[in-house]
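Take this structure, written in structure tokens, and hold onto it; I'll ask about it next.
Per-chain residue numbering starts at 1, and chain names A, B, C, D, E, F, G and H are given in the order in which the chains are listed.
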Amino acid sequence: MTPERLRALLLDVAEGRATVDQALHHLEGFPVELCHQQGAVVARLDTQRGMRHGFPEVILAQGKQYDHLQTIVERALSRPGPLLITRVTRKRIQRLRLRFPQLEHAVDTGCLYRAEESMAAPEGLVGVLCAGTSDIAVAEEAALVARLMGARVETHYDAGVAGLHRLLSAEALLRSARVFVVVAGMEGAMPSVVGGLVDKPVIAVPTSAGYGAAFGGVSALLGMLNSCASNVTVVNIDNGFGAGYVAGLINRL
Amino acid sequence: MTPERLRALLLDVAEGRATVDQALHHLEGFPVELCHQQGAVVARLDTQRGMRHGFPEVILAQGKQYDHLQTIVERALSRPGPLLITRVTRKRIQRLRLRFPQLEHAVDTGCLYRAEESMAAPEGLVGVLCAGTSDIAVAEEAALVARLMGARVETHYDAGVAGLHRLLSAEALLRSARVFVVVAGMEGAMPSVVGGLVDKPVIAVPTSAGYGAAFGGVSALLGMLNSCASNVTVVNIDNGFGAGYVAGLINRL
Amino acid sequence: MTPERLRALLLDVAEGRATVDQALHHLEGFPVELCHQQGAVVARLDTQRGMRHGFPEVILAQGKQYDHLQTIVERALSRPGPLLITRVTRKRIQRLRLRFPQLEHAVDTGCLYRAEESMAAPEGLVGVLCAGTSDIAVAEEAALVARLMGARVETHYDAGVAGLHRLLSAEALLRSARVFVVVAGMEGAMPSVVGGLVDKPVIAVPTSAGYGAAFGGVSALLGMLNSCASNVTVVNIDNGFGAGYVAGLINRL
Amino acid sequence: MTPERLRALLLDVAEGRATVDQALHHLEGFPVELCHQQGAVVARLDTQRGMRHGFPEVILAQGKQYDHLQTIVERALSRPGPLLITRVTRKRIQRLRLRFPQLEHAVDTGCLYRAEESMAAPEGLVGVLCAGTSDIAVAEEAALVARLMGARVETHYDAGVAGLHRLLSAEALLRSARVFVVVAGMEGAMPSVVGGLVDKPVIAVPTSAGYGAAFGGVSALLGMLNSCASNVTVVNIDNGFGAGYVAGLINRL
Amino acid sequence: MTPERLRALLLDVAEGRATVDQALHHLEGFPVELCHQQGAVVARLDTQRGMRHGFPEVILAQGKQYDHLQTIVERALSRPGPLLITRVTRKRIQRLRLRFPQLEHAVDTGCLYRAEESMAAPEGLVGVLCAGTSDIAVAEEAALVARLMGARVETHYDAGVAGLHRLLSAEALLRSARVFVVVAGMEGAMPSVVGGLVDKPVIAVPTSAGYGAAFGGVSALLGMLNSCASNVTVVNIDNGFGAGYVAGLINRL
Amino acid sequence: MTPERLRALLLDVAEGRATVDQALHHLEGFPVELCHQQGAVVARLDTQRGMRHGFPEVILAQGKQYDHLQTIVERALSRPGPLLITRVTRKRIQRLRLRFPQLEHAVDTGCLYRAEESMAAPEGLVGVLCAGTSDIAVAEEAALVARLMGARVETHYDAGVAGLHRLLSAEALLRSARVFVVVAGMEGAMPSVVGGLVDKPVIAVPTSAGYGAAFGGVSALLGMLNSCASNVTVVNIDNGFGAGYVAGLINRL
Amino acid sequence: MTPERLRALLLDVAEGRATVDQALHHLEGFPVELCHQQGAVVARLDTQRGMRHGFPEVILAQGKQYDHLQTIVERALSRPGPLLITRVTRKRIQRLRLRFPQLEHAVDTGCLYRAEESMAAPEGLVGVLCAGTSDIAVAEEAALVARLMGARVETHYDAGVAGLHRLLSAEALLRSARVFVVVAGMEGAMPSVVGGLVDKPVIAVPTSAGYGAAFGGVSALLGMLNSCASNVTVVNIDNGFGAGYVAGLINRL
Amino acid sequence: MTPERLRALLLDVAEGRATVDQALHHLEGFPVELCHQQGAVVARLDTQRGMRHGFPEVILAQGKQYDHLQTIVERALSRPGPLLITRVTRKRIQRLRLRFPQLEHAVDTGCLYRAEESMAAPEGLVGVLCAGTSDIAVAEEAALVARLMGARVETHYDAGVAGLHRLLSAEALLRSARVFVVVAGMEGAMPSVVGGLVDKPVIAVPTSAGYGAAFGGVSALLGMLNSCASNVTVVNIDNGFGAGYVAGLINRL
């Protein structure tokens, strides 16, 4: 609950528009919408966020039982606004699209989404770069999220640091974007190099690409946390969603 | 062997009710019941615990070969009292229920159980909360165990700390329970927040929900061990059983 | 802020005893007392907890600059009730006692404290056991905290599992306590053995005693988290305070 | 070298304002200024960054030999503009201030700095929050950097999640800042809670506060990387500088 | 090459029984027997070991391609003496036994073996204990190896430390064996307790039984390495073979 | 982009052979060849490397979606010169060879390749040794790469340090090679022993062979990094490709 | 308590030589001797072990407060038989020897000891080898302990595997000892090589010698746990004491 | 012992120039020179290596007791040829130079050395680069070693990847060296970028520079092991010596 809502609620009580019990009821039930499965609450949807313009409602599919997931998606689709479902397996993508044909699948990612029908023209430029072909899925997830939040997005892929000219060929993008998402696995060096070339915020996403001492993305994560470029912040391994979300937030400022 | 039994045994010897050899025989064979498989001992069942009122006998299925597991379950079912089998795979649940129809399956969990036929009315209130939909399986395991130990249990699910109002809506439960089980994956922050809102013991259960730097529950585990709330203790990752068991024990005090 | 306080505050507003601004002021300032250092807030003391009977106010000295620490201690001493300062270095103990002679030092620990003047007779029995002589400091911290919370405490030290008779000689204590704190370093096996001998909650405290692959307490911590005894929960390495606090809480139920 | 400079250099060559050798000389020597020690290059100062309005030139003192450090500071002070030296030990602070009296020491931090003489009035609001008194040093470092980059900064300290009212009392700040820096040790849960209360970017800084399984900040770091709030990005342990820098960058957008 | 062989070889050269080139040839080719696959050497069998009385020749199946494995087994079977193949998957067990019917499968393990036809009566007693039913496979592997090396073996299974009476019932075995193998997963506490009850060498085998913070046997391994009993040494996780081998060696002394 | 190219480009601009825009175009597009998939760039091939004599063009298959992989392979095959595709699964090997019959499969490895048609006679000798049969796949990958780079390669397999005579029988190879690749799993001791026997560079490759505390090759990796032989450098776990590549480079010097 | 004692105690009770309370008293107090410090028990000495011929009583000094340590040493010295105090700092060695002149200091180690006055002539040969000069302290600790347990000990130091001839020069020792202790830091490869040269048990001791990725002995520890020689078991990092103790035990068989 | 020596020795025996016992004596004592301390062997010097032209004899000071170190240095100085002592603390440098004035101290490093009196003119060029001022000590160690092995060395320091122009200004060096040593801490990205710019072997040295998640060099180490440039091999953290040694070896080829 945001501070604004708390103040409003207190005013309602103070001015007699609400009783204490009503206020407590509000505090308990709003803006959460309950999803039930066999009589039990399996999810509390945060409807408030979804209702603000340009903020997609987001469902993390991974780890949820399919029945729970389907119930939650159904409830979310019953409300207007953009919707995003992340980390959906191939099998579940098929199953969910069969049932909810209004969902679109973003190529190369594990994301299903429904865009806002009357989206404003995108504003601001978010640059999404990645180091190798194996990082494209995560980068595309970031790009999708930033677009759903109203940003214009340009991508530049397979431009890792062992071939600097591949990165430097993105000159126009490096010069013009307001915020960057840089996705890399293995040693995770690309955000440092990009960070040194621009004076804008760089959001680094380590990926689980690589093998052996890549440790499923840990090496890239550590590399990014220790970046010698000061304008780099980091999100979880393979968390294209989070990077795109924050890029979208920054782009709105 | 509990100290009480030791004293009793010594008295028996002292007062001639038992010879030394009988006593040693007792020490070797009681209260353990042996399960054999192809002539070899594959399990030593602790029958004593199961015979005390309200303590379920517990079998951890994971890691056991199916033949061993079935032998042990059969033996355990031959005695009265509540029985609980944890971490059973879907396939084994079907196979065991086919053979032992008296076993019930707890929805959303990997548990099979047989409740005590003449259970007393539950007493005391145990609150079981969880952070996300993905944590429900573990939370339900904890709730089941606490109920088998005679507690009244109320649950409040999908109430993670990034939406505080979802947690604060559990006001009534937070005010009335004697002990709490709080289940969370990812950053594992929920027990700290709950711990700050109540002055009762909070048993924190990290789950393997999450991905990347969640490291299969390690991040949540570390978060809980470092909780800035003083009333939090922790059990193993995904160990809903242990949390429910201790909550049941505390609730009996 | 506890739910009770929220309800009361709303009632005050509803019934005109408080304006909305007063309520917000309350929400901002109460029950927190601010400590300033050179005009800046360096601590927000949670006075509410300290004011409840038998709950000590607790200050973690470690990591705080000395000036900040002294300011906070001074403010805390200006209020009645028990006070506990943990993880104080030898040098700081001397310095603080010189300035605040009312503080007592608990032998063998890094704790300073002020007991409640009119404490009720202790009730309930908490058993505190430890595995080796090196674990005594942590065990004594736990015992001190449980006593400050109104419990009767008995200790049994240097009784590790490689000499079972040393543990079994604690028969009387094992039979009579309501809750146990078991402190051990190295392999951390003692809570499992104690847990198997009693049917009460056991709070395990790993210590940093040991060397090499003890990894500063990590091995003991892992051993305890994987305990095959179901009644064991765990706190952070060397966290005698937390264990004693939870034992005190459980003992009050 | 930024793309703009590359284009300019190429133009100079194309239009005869520079020979190829001059261009290569530029590429080799500019905008880097060399620091020599006993005839050897010990640092290549990036003068370009410092020359842009509101970007401080930054020197990381940690790990450098004192002689190298002093040489570098002397050279940097010879140019105009804001200067920041981070991670300076107490002893070195004294030594450097004795030699360079124009350096100011930021209270509670290991930072020395020289502010820009004619700084514009700060614009935009950056909120810097921290969980405990032990986290103040890192938070103050972040606040200092953001101020040096032209931001208005408000702080709210010792407001960890185990006492939610301490955090909620920052209502005004939570409502008005454009970007947040949240500093926390131990379980690192605070960024998740703050992230759920605001819809602005939150930069999380784990600190090495805590003990035992805090692992020098690793637990807090992992907690933050796994935050269930989508608007959280993370920097290295104790990296107040980086967080303040990115907050300053975002605030300028 | 053992020192004895080196001396013999030098003598042969010195006394003219061998030329230098023959000696080098010996050094290159003996006592190694080469296995070829498609013209390439895929294994160098150490025939010397297998030829000494009572030392089985051992093949680790894991990690080998099936074709390589079969070639090696075939070659080994062409020589007399005991043979042991460890870590064979179920599927490979079937396939190998079909082809080499002289191989026997040890129940509950992944081992195939051929015992020495004219084995002497076993001598000396090796005690093999394990903590839980899930540890039986590893314990049986150890028992098999010790038997192949000529020892008499007695086992006592499912006797973990949370039920001490289950362990103490092995009184006779604890009193009479010359060396012990103790197999345990989870917290790995059993070797410490056994080590305290006997004054013979105890070889501890951690197993991968457990879940969550058991980390595939790492917790048990660390527990054993930190054992407070001085007579405990440790082998790799699930390495029943190695423990049985060393127990067999010790038993021969 | 190599420095030579930069100089050439600048000269072109300076002497009017290229406009600034053409130069930038060059910087953006050369010597990279773009691979498109559904209109998007999925790879930037570094054609320059492949065009130099004896440097194979290399494609890492792992982590790439099959569609991306096939597009990239097709493009690469359209150019002359040696080509190597590493870490290809069995299924993909079949699928790719069906489509591109010109690709050969290197026995025992996951590599597909096309050798240069008119390769010069190999020069210099590279020694490739491995410790166990399970390490052959990685060793063969290294041998293949060194051969593709023009080296003569000799191998000596299954010669681990627990049977020194198996290693010493490689006397001729140890005496004559210019550089060594030593492949080992488990404790990774072989490079230290080889390193002590030769005074040439030794490139150590840890493999994921082993189980339990082998941790997928980490133990071998650590052993090699800590080698007491000074002539040992290390590559990533299972990175036969990298070791062969560097051996090939050194062999050309 | 050993099973023998239990049987004896039961007989005493059965035959009227002891009452039940006396038996319980025995169980509580024997064979443990209590050390008090300021009225509290700080140690329970296991007098039984020390009383058996040739088993030294052992005190681990590390982690104990000096006052506790001195009390324990004083009590132990009051009984006859060999005594060993391990991991004593230089400062404490001086302090303890000043107070207890009967203690001897073993050169190059942190051990104080008192040998048994009338020790029998040593029997059996234990070989103690180490890899580098830095490992001598740990090796000497092992040698001392084995000698205190009645073994004849020969040492061979600084014979690491990167110079095989340094190891092979120990031919006579390798041929004649009954059991080996092999001490090594860095990559910990020496036990594997020694293990391959002998057919006796090898007890491997990793040391904390090395730097960087040696991780304080972890790399050596992992190397030894993964030894490809089957006759190797492992003890904790720097645990010369434990290795010497087990070697002594084995040597007595 | 190298294979050449073995052959020579065998020939001596075969042709009567040596008896078997003499040969064994040789095998035991040559080319090792023993250092004694109080009658015990504390080091076996490998004199053979030092006697070959241009190979320095190397002593690792770290971990050795001072007395042992001094004995070893004295013995080494009694022989001709270059000598290098690494990882010497400041205090020991003073102490050793006082005693052995012929030792020189390499500025900025912990190395003492004695160069060969009649060194040939250096040949071949080794490039030594480092990322930051904090890495200079390690880089200088590498440069010193390569020089002692006869190479010409050029350095380029403080040229990390966040300011690419600082690296690109080393154009001439990048174009002309035969082998590179690249030293970097923090994220360790520099070897990847250098590796992409050159087609020569790159030896990467991670340093312990950095803080927090740099983990004393582990992050840099992991980054380098996962380098996307194929020509990179890695040595231990801070192991400038090893990198310089291998660079020197490669340079001689």
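By definition in this document, a contact is a pair of C-beta atoms (placed from the backbone, for glycine too) under 8 Å apart; a residue touches a chain by one contact, two chains touch by 3 or more.
Note that the coordinates shown come from a computational prediction; the quantities given were computed from them, not determined experimentally.
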Co-neighbours of subunit H and subunit A - touch as defined:
D, F
With contacts defined as at the top, give the pair, E-F or B-C, that has more of them.
B-C
Same or different residue numbers at the subunit G/subunit H copy interface, by half rule
different
Give me the rotation angle that lays the C-alpha atoms of subunit A onto its copy subunit B, rounded to the nearest 5 degrees.
90
Intercentroid distance (Cα basis), subunit D paired with subunit A, Å:
26
Separation of mean Cα positions, subunit G and subunit D [Å, integer]
52
Go ahead and note the Å separation of the Cα centroids belonging to subunit D and subunit E.
57
Can you list the residues of subunit C that touch 2 or more other chains?
1, 6-7, 24, 27, 132, 163-164, 168, 171, 197, 210, 212-214, 218, 221, 225-226, 236
For each chain, which other chains does it touch, given as pairs?
A-B, A-C, A-D, A-F, A-H, B-C, B-D, B-E, B-G, C-D, C-E, C-G, D-F, D-H, E-F, E-G, E-H, F-G, F-H, G-H
Would you tell me which residues of subunit E are touching subunit G in their complex?
1-4, 6-7, 49, 52, 55, 58, 168, 171-172, 174-175, 178-179, 197-201, 203, 221, 225-226, 230-236, 241-243, 245-246, 249-250, 253
Residue positions on subunit A within touch of subunit B in the complex are 1, 24, 27-32, 38, 40-44, 46, 60, 62-65, 68, 72, 87, 206, 208, 216-218, 221, 236-239
Quick check: in the complex, which residue numbers of subunit C touch subunit A?
6-7, 10-11, 13-14, 16, 19-20, 23-24, 27
Under the touch definition given earlier, write down the residues of subunit B that touch subunit A in their complex.
107-108, 132-134, 136-137, 155-159, 163-166, 168-169, 171, 185, 209-214
Subunit D - residues contacting subunit B, complex:
131-132, 160-164, 186-189, 192-193, 195-197, 210, 212-215, 218-220, 222-229
